[in-house]
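Both complexes shown next keep chain A, but they swap its partner, so chain B is in the first and chain C is in the second.
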Partner chain A sequence: MPAFLLIVITLVAFYFAYRFYSRYLAEKVYRLDPNFVTPAHAMRDGVDFVPTHKHVLLGHHFTSVAGAAPIVGPAIAVYWGWLPALTWVILGTIFAAGVHDFGSIVVSARNRGQNIGTLSGKVVSARASTLFLLIIFFLLTLVNAVFGVVMAILFEKNPGAVVPALIVIPIAVFIGQWAYRMGRSIVIPSILGLLLLYAAIPVGQAYPIYVDGLAEAVGLSVRTTWIILIFAYTWIASRLPVWVLLQPRDYINGQQLIVALVVIFLGVLIGWDTISAPAVNEVAPNSPHWFPYLFITVACGAISGFHSLVASGTTSKQLGNETEARFVGYGGALGEGALALAAILACTAGLGAAGDWNAAYADFGAASGGALGHFVTGTGHFLSNLGIPATLGATFAAVVVITFAGTTMDTGVRLQRYILEEIAELAGVKALVGRVNLLTTLAVLIPLGLALLPGGDSSGGKGFAFGRLWTLFGTTNQLTAGLALSIIGVWLLARNRNPLAALIPLVFLLFMTTWALLLNLGDFFAKGDWLLLVMDAAIFVLAAWLVVEAFTAFNRERRNPSAGAEES
Partner chain B sequence: MSSASVVDPAVRGRLADGRVHQVILVREQDAQHSGSGCCGRLGERHTALGGAADFSHSRARMEQVGEIYRALAAAVPDLELTVVDPRNLVWLYPAVWRAARANGAGVFAALRAVARAGAPVAVVVDGNTLIRAACLIRRP
Partner chain C sequence: MTDKSLWQRFSDYHDELFMAPWRAGIAREARSEEDVLVALLFLEALGIPGPADYYALELYPDLIEAFHRWHQRMGMETFPEAGVCC
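Right, the complex of A and B next:
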């Protein structure tokens, strides 16, 4: 199967989905009204509420939702074969993510631009607001744990990527001083910074950095050493003012995202690679079954609950015309799906051409622990189609993922700090309130503990529970999506509209998530992974809670349709 | 940066060929991240939970640019007024390029216009960057 054909099939499916299904959603489900005065106009202040052209808004929205997560999930999921992974990416994007992202903008815009967290308390129930907070707590814990492991794996397997990944830090700091202190344009410095970063790639190849000596000195494995170093870095980075490192690095990340997407698709088009990986893989015994694990392994890229936070937090406040929610929300979801497609291509066509696909995906441990390595190798092959040596291309891909993951961890730890403080306040633990260093330390130590979990995927002999951590992360992301879909569904029901477009993906996601959580419970119990067992049980309770809240809210609206939520 | 200085009477009305003036107000959105993936922020929850302090400099500039926005919108209703984050480079750079070229700039001048526009805070009128400012608010 030519890889190019997968691009064509996916893009054609996305085109028809946008053309017909999103129009159906716009006209029959959300009933967009071109005369509706959006919050951007009603509360226009030029600060948060700004009527914004749809192309500008799509740019903001897409760069906010795109990142490393839609790469990792599909890179693991091709273990079950490219066909199930691609099918879920296409169908999930069209029937779940599109409905979810689009609907989150519409419901928020109809509620004065309020955020999904706030709306959950208003539309579903007051308890749902606490539920939201707890889901986010688990989600952030798992995000930070998995991305810590992702970075450690990449550093361990691509020691040539260490120098360029380190170079980004002084470049970003310089750009921050240049821009935020001096008020200069960032365009030239950020382009030069990007070129400098790419120039550092061959330098990194020539001078790879290993931590084997340090690991041996402290008696830890290389990966454990990297994980600890990465979390130590994250503690420091998350205590720095955001303009020093986090914000200026954003400019480099934005450029990297575009460059990576362009070179991957260009590499496929020019190389005309075929996919040697199986359409449906005969997986090793004792592997997780694709049903239901596929649907929580690929969260971002098929449907991600975090999109509702971006859609409702900022995008809805800048919507110039309600009809443009279709272009921004549904279009943004399709863009994320395209990123997932790029990851699938790299891990099938690219990896298959570069090496032995079957060995790389021999079992679930190898598939999950090595997922990012497979993406990096595959992307390296695509770059070789463009005349760039594959090893340099692989390091380029590693650097892209590492910088994305670094930003995710920095923001994730900051957010977790706020969440911990909020939970401490709710629980009356005053010793934690206002103690920023202590809160940051906790926000780092909790995911660090998870990232260092021993045992894990014994089948792969990786010594890390990365695959299972990732699927747990997927469950929390899907629960967030479930909460947003509940709000959208209740909102539709309150207006006597057919809620099936939101209800079907909601039921599907909740079913798959709870099923996977139950299977995990048995698995963790059998293997004696008590920490994961407790975490899985807690997430299962949240899932059950969400089911009860959603059912109660739907029942309430069915019996006594109300406004559900006020409209501006 | 004063909003009053931006509302110049010369800016009123349309260009000679009938096109409206295009003003792009460049400023960073607080708590916006590129490449942090779907896990970067919590929307307004982020601010409510304490993130406001992290991004107070961006917020202060957002509010200052908001003043300019409101002043321009009131004084020159015909303006094509856009607020954009400088990290939205897929939109910003081509938009400044097109505006500069449409207003007679040569290739190098248009490139220079693009290079000048991507600051944390900038006011770009018809492809010309009139104001750039540091994002950090210096307190006495």
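Right, the complex of A and C next:
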């Protein structure tokens, strides 16, 4: 089948979804009101609350929610065949992510721009804010652990990507200095920065950087050495002021994201590649089954709770008109779905003949441990369709994922520091409150411990632990989405509106997540993976807690709707 | 209609895309840095000998407004020491 056909099918589905389903949501479910005074106007302060043009807001929202996760998840999930992965990406984006992201903006905007954590305590129950804190703690721990491993795998397999990945740092620092110290437009510096970054790719290939010598000197494996170096960098990066490194890095990611999407789709069109990989793959009997693991493996790209944090944290505070929530929220979800589609294509059509694909996806360990390598190889192939040597194209793809993952870890460690401090305050551990260096060290050491779990190393089980860590990350991400959907559902019910648009994805997600957690429990027990077993059990308790909270809140609102009580 | 050139409009849009996501976080960081600076400079007003006083005396007139905003953020509507600010 021509790969381009999948692009056409997906984009046509997304077009009709935006045209009809998002309009239904806007008119009948969320009932957007063009005359509603959004918090950006009502509470305008020039800092948090600023009315922002809808195109700028979409750009900001989309680049904030899209990162390495919608690439890694689909790159693993095509193990079960491209059809289940693509079906979940399309249906999940249209009926779950769109509702979730759009709804999170609307509910937050209708509640003075409050974030999901505050809203969970207010709309669901007081206990739910503690639940939120704990889910986020696990989410961030797993995010930082998996992205640490992601970067280490890519550095180990693509030593030519080290120089361009390092060049990003001075480029970002320069752009930050130019913008804030010089106070001038960054258009030209940012274009030059991007060109410099791409110029560094052939340089990196000519001068690949290996850490084998260092690894041998300290008696560790190459991947372990990279993981430790990456976490050491993250400690430093997360202690710098945001404008120095994080903001310009994040901005460079946005540019890279657009470039990557354009070149992948263009490469597929020009090369007219066909997909030889099976639509549905007959997997080994001892492998995780696609039902329910597919729905946990592909979180970002189908539905991701992380989006609700962005939607309610910053986007809702900058919404100029309530009707624009549809364009920004639903449109952002579709953009993320398109990125997941690009990852699916790279890991199927990009890998060439069926024999090559079968070798790459021989078992779940190879699929998860090699997922990024497959994406990198596939993207390199698409770039070769555009006349760029495949090895350069592969390094380009590796750099894209590394810069995404690096920025996510920087943000993740910062957020984890705040969460740890909040948990310490709640638990009365005074020794941690206000101790920024100690909190940062803890925020680094906890995921570092997980990232160094045996099995994730090349000398161990071919990255099998990485696949397990990834599914655990997926469960926490889906629980965050479940909490946001509960808030949206309760909010709708309180206004006597049909809550099914939020309720159906909520029930689906909670069912799949708890089922996958239960299956994982048995698996970890059988293998004696005690640390993962404890984490899985803890996340399972949170999932059960969420089910109880959501059910109680729905029941309460069904009997006694409290419409309008909290609206500004 | 605006008389801005196409390039200028693109440049404004582009720079807004750079600034918008981080405006709040950066303003918060700047405020927290200012809080530390002001606290350091005005320790004496709080009855604590300040190690930076000697070097920072000339900054007082420029920072008195900032100090006023600072003590209000710290929960004191008016500063109790006479002759400092409000």
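Operating definition for what follows: the second predicted complex is superposed on the first by the 550 of 568 C-alpha atoms of A that agree within 3 Å, B and C clash if a C-alpha of one lies under 4 Å from a C-alpha of the other, contacts with A are read in each partner's own complex, and residues count from 1 in each chain.
Everything below uses one rule, namely that a residue touches a chain if its C-beta (ideal position, glycine included) is under 8 Å from a C-beta of that chain, and two chains touch if they have at least 3 such contacts.
Please read these numbers as outputs of a predicted model, since none were measured by experiment.
If you put the two complexes together on chain A, you find that chain B and chain C bump into each other. Once chain A of one complex is fitted onto chain A of the other, the partner contacts of A:Thr379 are absent, as it touches neither chain B nor chain C. Look at A:Gly183: by the touch rule set out above, it reaches chain B but stays clear of chain C.
Touch criterion not met for A:Ser104: it reaches neither chain B nor chain C. In the superposition on chain A, A:Ser486 makes contact with neither chain B nor chain C. Touch criterion not met for A:Ser368: it reaches neither chain B nor chain C.
By the touch criterion stated above, A:Ile136 is placed in contact with chain B alone, chain C being left untouched. Of the two partners chain B and chain C, more chain A residues are in touch with B. Once chain A of one complex is fitted onto chain A of the other, the partner contacts of A:Gly59 extend to both chain B and chain C. In the superposition on chain A, contact of A:Thr403 is made with chain B only, not with chain C. Chain C is struck by only one stretch of chain B after the chain A overlay, and of the options 1-9, 37-45, 73-81 or 91-99 that stretch is 91-99. In the superposition on chain A, the residues of chain A contacting both chain B and chain C are 47-48, 50, 52-53, 55-56, 59-60, 63-64, 179, 185-187, 190, 241-243, 246-247, 250-251, 254, 314, 318. Residue ranges on chain B touching chain A, taken from their complex, read 25, 28-29, 32-46, 49-51, 54-55, 57-58, 62-63, 65-70, 73, 82-93, 114-122, 129, 132-136. Those residues of chain A that touch chain B in the shared complex are 44-48, 50, 52-53, 55-56, 59-60, 63-70, 114-118, 136, 139-140, 143, 179-188, 190, 241-243, 246-247, 250-251, 253-258, 300, 304-307, 309-310, 312-314, 318, 336, 403-404, 407-408, 410-412, 414-415, 417-419, 421-422, 477. Only residues 47-48, 50, 52-53, 55-57, 59-60, 63-64, 179, 185-187, 190, 241-243, 246-248, 250-251, 254, 314, 317-318 of chain A touch chain C when the two sit together in their complex.
Against chain A, the residues of chain C that register as touching in their complex are 10-11, 13-29.
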